[in-house]
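Input: structures, listed below.
Here come two complexes built around subunit A, the first alongside subunit B, the second alongside subunit C.
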Partner chain A sequence: MNRNGRKWWRTNKHKLEPARQNSPSPYAHLTLSKETKENLQTLQDIYSKCSDVIFRPFYIGKTIKAHVVFISGLCTVQDVDQYVLTPLMQANENEFPDMEQMAEQVLAVSRIKNLATIADCIEEIGSGNPVLLWEGEERALSLGLAKWEKRNIEEPSAEVGIRGPREGFTETLDVNTSQIRRRIKDPALKMERMKIGGYTQTEVIVAYMEGIVDQTLVEEAKARLNRIQIDGILESGYIEEMIEDNPASPFPQLKDTERPDTACSALLEGRVVILVDGTPFALIAPVTFFALFQAAEDYYQRYIISTAIRWLRYLFLGISLLLPSLYVAIITFHQEMVPTSLLISMAASREAVPFPGLVEALLMEITFEALREAGVRLPKQIGAAVSIVGALVIGQAAVDAGLVSAPMVIVVAITGIANFMVPRYSVGTAVRLLRFPIMFLAGTLGLLGVMLGLIAIVVHLCTLRSFGVPYLSGISPLKPKEWKDILYRSPWWAMKTRPHFTGEFNQYRQAPDQKPGPERSEDP
Partner chain B sequence: MKRILLTLLMMSLLFLGGCWDRTEINDLAIITGAAIDAADDNQIELSVQVFIPRALSAGRGSTSSGGNLTLVKSAKGASIADAIALLQTKIPRKIFWGHCEVFIFGEDMAKRGIAEEMDFLVRHPQPRERAYMFVSKGKAAKTLELRPELERYSSEVIREMSDMHIGMLVTIIQLKEMLRGKSNAAALPLIDVMPPPNEAKGLETAPYIMGTAVFRKGKMVGEINEKATRGVMWIRGEVERYTVTAKLKNVQGTVSLNPIHSDIKFIPSIRNGQWQMTIKAKTEGDVVQNGTNLDMSNPEMIKLVEKAFQQDIEDRIELALKQVQHEMKADIFDFATDFYREYPQEWKAAKNNWDEIFPNVKVITDIHAYVRRPGLVTLPGGIPEEEVREK
Partner chain C sequence: MLEKGKISAFQMGVMMYPTIIATAILSLPATMATYAHNDLWLSPIWASFAGFLTVYVSHRLHQYYPQQTLIEYSCQIVGLIPGKLIGFLYCFLYLMWTGQIVRNYAEFVVGAFLFNTPIVVVIASMILVCVFAVRGGIEVIGRAALLFMPLFVLPLCLMVLLLLPDLDWQNFFPVLENGIVPSLKGAVVPHIWLGEFWLTAFLFPLLADSSKGRKWGMLSVLAVTITMIATNLFSLFLFGSDVSSMLYPLMIASRYVSIADFFENLESVVMAVWVLGAFVKISVFFYVIVLGSAQLMEVTDYRPLVWPIGFLIVLFSFWGIPNMIVFNYLDETSLPYYGFFMQILLPLLLLLIAKLRNKPQRMKSAA
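Right, the complex of A and B next:
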């Protein structure tokens, strides 16, 4: 407590300035006037010191003064020259009484929008569309010529598969929506557009399948998105953190994907997909713990193999979470648990190690994490060098120097491999992190501690929800019908229903009895 | 803020109370075998074989005859627990019993009685209940000092040998059951040290299982040799791997068989005060060597072999019974439990006199032996076809 009797942790509170509001825009009240000069002046004031905004005055025909305003780089100059300036300048202004007719007959631009306010103009200019201002008109015309340099569609680098489509989302929203629309042609696929971010005005699309999705889910998603008031959205991670159910959890409560096919399958299961402009990562909600272990490829290769691989993933999830802890617990507390000959080898290799088991494990695990993080961040050319140094340091040199024992190196290596078995990077990182507290518990309480840690994690998972859906849905609450995509990947002809928690209104995916096989006669 | 403080406080609990029973492997003296011998003044001498980790880590594979992987330390005391306390003062690391899989009683100790020391083994949490128990001819400690050539240390040798079921295999828990059972008798494998190939090699030899030590009321009363042991194992239904070589009547040469399956049943009965036990056995075997001129594809010939097979087993059982039942009067077959189950009333009346009743129990053997497979060849492998006897 300090002198004025207030608790020390309460003294620092300031009143925070309220964030800039999403809407209404500060220019919303300004309507366009008949005087182009006035309009132009307003826009020029707004875009003062913006060297990339171009104001181009010209005459329609010979007499009507007009201006085209656009941002260089967000549309091609050739397009503006060819489809806007040339036809308008060559037109006979007397043939057309007003702007509307002129636009209909002269402008060879398919996307045209009438604008009534300055705010509208700013929005259109900002999104790259040239705006046409016209002497004597109270409105402006937005010309849909926005076009900018963008990355090509490439293979998604974070979700690689051997079989399956090779294209991934890009940073451009329209490209992403087109990839989804190309896969789902039915008009039931709805894409609702909204803008989030006070300055960035980032376009966000909520996509869902009408008739499959639970409408309350869509409303909830939109409500949560509308609640966001932030200056900018640069990646879908911003949105993920703003709309998830439990912010104090290491586990992701929305699934992110780079693959249009994964997004489409989520849509068909009755989930909501949130696409964000400027990032190739779309968000899928709701999601369960087990859905995070489903890779796109599981559904493209034979179901028997997919099932086996899924089990391998669960096994390695356990290994990546527990192996170092089990090793620490057993070598420090439960030496009687290992077979004699193994214990003897372990004792022999640990003989020269100066640290207790826990310290040894932490040393190695932290080094490994550091190497991995360094490997991710470093430029590609240096990355290879790091991996060589890492392999040498962690592997041979550390053992030879007597810093760590050889079994510990094996444990760390297996744990590292195990972590990459989890198809979602976001779950993998959560498990990576949770390994450390469990290691501490193992080092202090032995197997009892490991069990305590596990119980705590399971309890936490049970309390988690993703958009109201229990995180462990299928196992807890127990729904044997859902096991078709949790415990095993059933063949497509047996995958009859959509997941219970999302597709309740349109339960059946397919016609019954489609198991392939020879024709069976009707009567026995 | 309060929550963070609370969490921190709770976290600190982990570290405050946590590591009290933590022991690093580096601080353990891993005991691989223990020997309990009788000493003067009614004391016992406990010897332990301790694994030396450095010997293995230094050599890395080249640990043949040069380095010694284990060391043996002994201490005397009134009981095992007492001796351990003394032993601990001689070993810089914490004595760890969790991997001690072999306990050997010296012959003198066995004769004096093992009941007292058994209590430690079953009461203390560290020794494994599945550790193997042995009695050694002479002093037990000498077995631990041997340096076998094939295995890493001598207790591993006896453990591996027991696993092959060539002799009896008794674990701590089984011995406890025997000692506390109705019959009040027990049997433990008896080991001895093979004489070294030459004087120079001294300790470079290995122990082997030479027979069985028979206990009555916790004290060793006698020993039986390897052959009688087989009979005992037959009766106890523990036979797994061995070869029966039978001599056929009126035929030159012998036939060897490997029994692959046997089924033993005890049928107790009391008739007119005469306690009687029928041992029913059914066994099957494969021919592994045929030194006679019999054609093994001929059922008639097989019958002859079966008869000899049966006779051999009967002889073995007879031998075991003669020594164990009539001479040592120790019910290591646990007939007592069978009588108790079948005739609880009679057992109740007679249980105090079981020592007198047991030697007089009439044992009837009813053995059925079958030869199921003649092996890869049907005719004798080493003689011309004309000499094969077909009838």
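Right, the complex of A and C next:
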């Protein structure tokens, strides 16, 4: 990729110097000159055929020629008129010896930055800030007026809950960081900014709690992010695939979340949160298999109920992975396991079905998957039609026509529901996929095949790591201290320590002996 | 070191448990009953001495040569050529045994469940899964064993619990009717199983906390012994003197389970659970062969050896074993002798020489 000292996305386009990101910009050698005309010409050349870039010439006071450059839509014209043009045009240029003083006294803009090179100008213009060029100055001023249309903060659609905060991340990075900062006010919350993507120049933030996180983990995360050389980042999924430990795995090795509260709890546990501009999905690393079964709500409702629900999830994870295969294995190989009365009714319903169990199961499962995928992708108006077709055709008609047996419909339906029990969509999809090879094994080797498939999956999970942390950490390697958040959700007053991943970490998250009781606290 | 991964001593202990027990609970109760009759519960106790001894010997040798496995230190103890020969003997022995274990597993599965499936499919599918684990290294096997341990043990405990009403405690008596000799005879075959703890000679150098290695090794022997006593007693109470005539007493026991006319004929479940144990057993043996032969040939990476050795194991599961009758006959006639030599005598000999070799060095360093 880098063989000719040139990045692949640049090789046959511009003959400019390569690598915009993580290395000097292609325009880095261009400095601003005293002649505004020259500067303006350079910028106009760079932004040729960009109809959305606006160059507005004007005079400061009566004599000094100046230009303001901005991209329409990335800042409001009213703001530029009101806070930049008006005061500058009305100012008396003779009162101010230089640009800095002028900016301090006249411009009613709080974020102002001095720019020395064309590259800086391009960066600022690109991120929406108007840039002010000035006759007789070798600098330019960036005016922090960037403002564009953005989606409002809404309830996260992929992670809903009954109890708990209702707001979710949005596509705008600043909004997301502000949501985290509002929850964690301590300056120990660090947010390191970097830009990834040759063309998109996407802002990525690595957030962590200094003093809680293992510093080597932060270094590792930053190193992996810095390694990325790509033309664009449009979603955190790009980053996820570029920094995970094992690319050849169906299981997610980073947790994605839309919820600021989940991100904050991850920060407080000593994890690293990676926020990406342009997507509401933040990435959390490292993550263990069991952490993917924790929903935000588990920590807001009563712990006894949360524990029960967590076990229900584990159970239904097993069901969504194994139920169709177990059914196939039992009806093909191990009929003796079924109690007689049940066996008779099952045999009666299967009598008319022309297919062997495996084919029947595959037929139904694949149709179900297709319906589900279609339901996600279809326009909302047609969605209802699909569900009716699905319910009627797959449910009633298929059984009536003798294509599939009623028990199989039940099995498929339960499997489908079970899959939605997994709080992380990404794990759910992995299980959805793995169901099929196990079904094949069940159809060929019976229960033995199911077990072999299960062993293979577990062995694979044992090889997985997320940022060096074993994926099944807690259970294997065994860490009884971690069970408080795996086997049960311990009450908050008992959740004394943070989960342990690697290296040094800040162990205790709360003071001891906080178990509440009926005794009144004594007055001092 | 060829293996970069490390396991904890606890993981090793957990790993060794199914490695011994998986096949030990299958046909051994019947074998022990043949000789010891209703004193069969005593035989594991005698046999356990072999287990404790091998763990002790392998740990002592590990103390002399902390970073080395059996293959490496045997060269240092008896010299290069004899050492390599010993290493080859062990690799070959384990290769042969793994073939036998796999065959035993496959015969059990085909004989009891998959009557029409070609046996080679059953063997190859298991080896395939094991290849997957062995390529992952000792860490993966250790972690998988830890996960499977409760899944392997709890259902068996549950089965015993469900059969409690059917047990007849009177079968226990008379104790030691013919003296101690029958139970000692019964211990001859199972001592090979407990002697398989000699595998720890390959595992001790891979421990992150080797100071706890002996403790967990011994505890593992203890757990195995207790489990064997328990299964023997269980079979005795359930079947009385019929145990000796059964091929797989525990499997037959599972057919007795009948709760509320719903939980019936659970032998498929027992088989499925037992497969977990068999997987751990085969993987550990497989891994030891791969690691051992890699060290024997002094190659830099053991992973390229995994597939060929997996293939060899499939072959060894057919060579020399025409059927299970011959297999069981060999188990009772030749196995105790060469097993005793390889797992008890040779290790003791190695320890003796190592002791003699290291003594003057110690005195030198003291002076």
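Just so it is clear, the second predicted complex is superposed on the first by the 492 of 524 C-alpha atoms of A that agree within 3 Å, B and C clash if a C-alpha of one lies under 4 Å from a C-alpha of the other, contacts with A are read in each partner's own complex, and residues count from 1 in each chain.
Note that contacts are C-beta pairs under 8 Å (C-beta built on N, C-alpha and C of every residue); 3 or more make two chains touch, one makes a residue touch a chain.
What you see is a predicted model; the values in this text were computed from it and never measured.
Visitor: In the overlaid three-chain picture, which partner chain does A:475 touch, first (subunit B) or second (subunit C), both, or neither?
Guide: Touch partner of A:475: subunit C, not subunit B.
Visitor: With the two structures laid over each other on chain A, which partner does A:345 touch: subunit B (first), subunit C (second), both, or neither?
Guide: first
Visitor: Quick one: classify A:336 as touching subunit B (first), subunit C (second), both or neither.
Guide: In the superposed model, A:336 contacts both subunit B and subunit C.
Visitor: State whether A:307 touches subunit B only (first), subunit C only (second), both chains, or neither.
Guide: So A:307 meets neither subunit B nor subunit C here.
Visitor: On the A-aligned overlay, A:42 touches which partner chain: subunit B = first, subunit C = second, or both, or neither?
Guide: The answer is neither, since A:42 touches no partner chain.
Visitor: Using the touch definition from the top, say if A:458 reaches subunit B (first), subunit C (second), both or neither.
Guide: In the superposed model, A:458 contacts subunit C only, not subunit B.
Visitor: Considering only touches as defined above, state whether A:33 meets subunit B (first), subunit C (second), both or neither.
Guide: The answer is neither, since A:33 touches no partner chain.
Visitor: Figure out whether A:448 sits in contact with subunit B (first) or subunit C (second), or with both, or with neither.
Guide: second
Visitor: Identify the overlap between the subunit B-contacting and the subunit C-contacting residues of subunit A.
Guide: 333, 336, 340, 445-446, 449
Visitor: Can you list the residues on subunit A that touch subunit C in the complex?
Guide: For this pair, the touching residues of subunit A are 333-334, 336-337, 339-340, 445-452, 455-456, 458-460, 462-463, 470, 472, 475-478.
Visitor: Once bound in the complex, which stretches of subunit C touch subunit A?
Guide: Residues 8, 10-11, 109, 113-114, 117, 121-122, 125-126, 129, 132-133, 136, 139-140, 142-144, 146-148, 261-262, 264-266, 268-269, 271-272, 275-276, 279.
Visitor: Which residues, counting only subunit B, touch subunit A once they are in their complex?
Guide: 1, 14-15, 18-19, 21-26, 28, 30, 32, 51, 53-57, 96, 98-99, 101, 126, 128, 152
Visitor: Per the contact definition, I'd like the list of subunit A residues that touch subunit B in the complex.
Guide: Per the touch definition, subunit A meets subunit B at residues 9, 331-333, 335-336, 340, 343-353, 356-357, 440-441, 443-446, 449.
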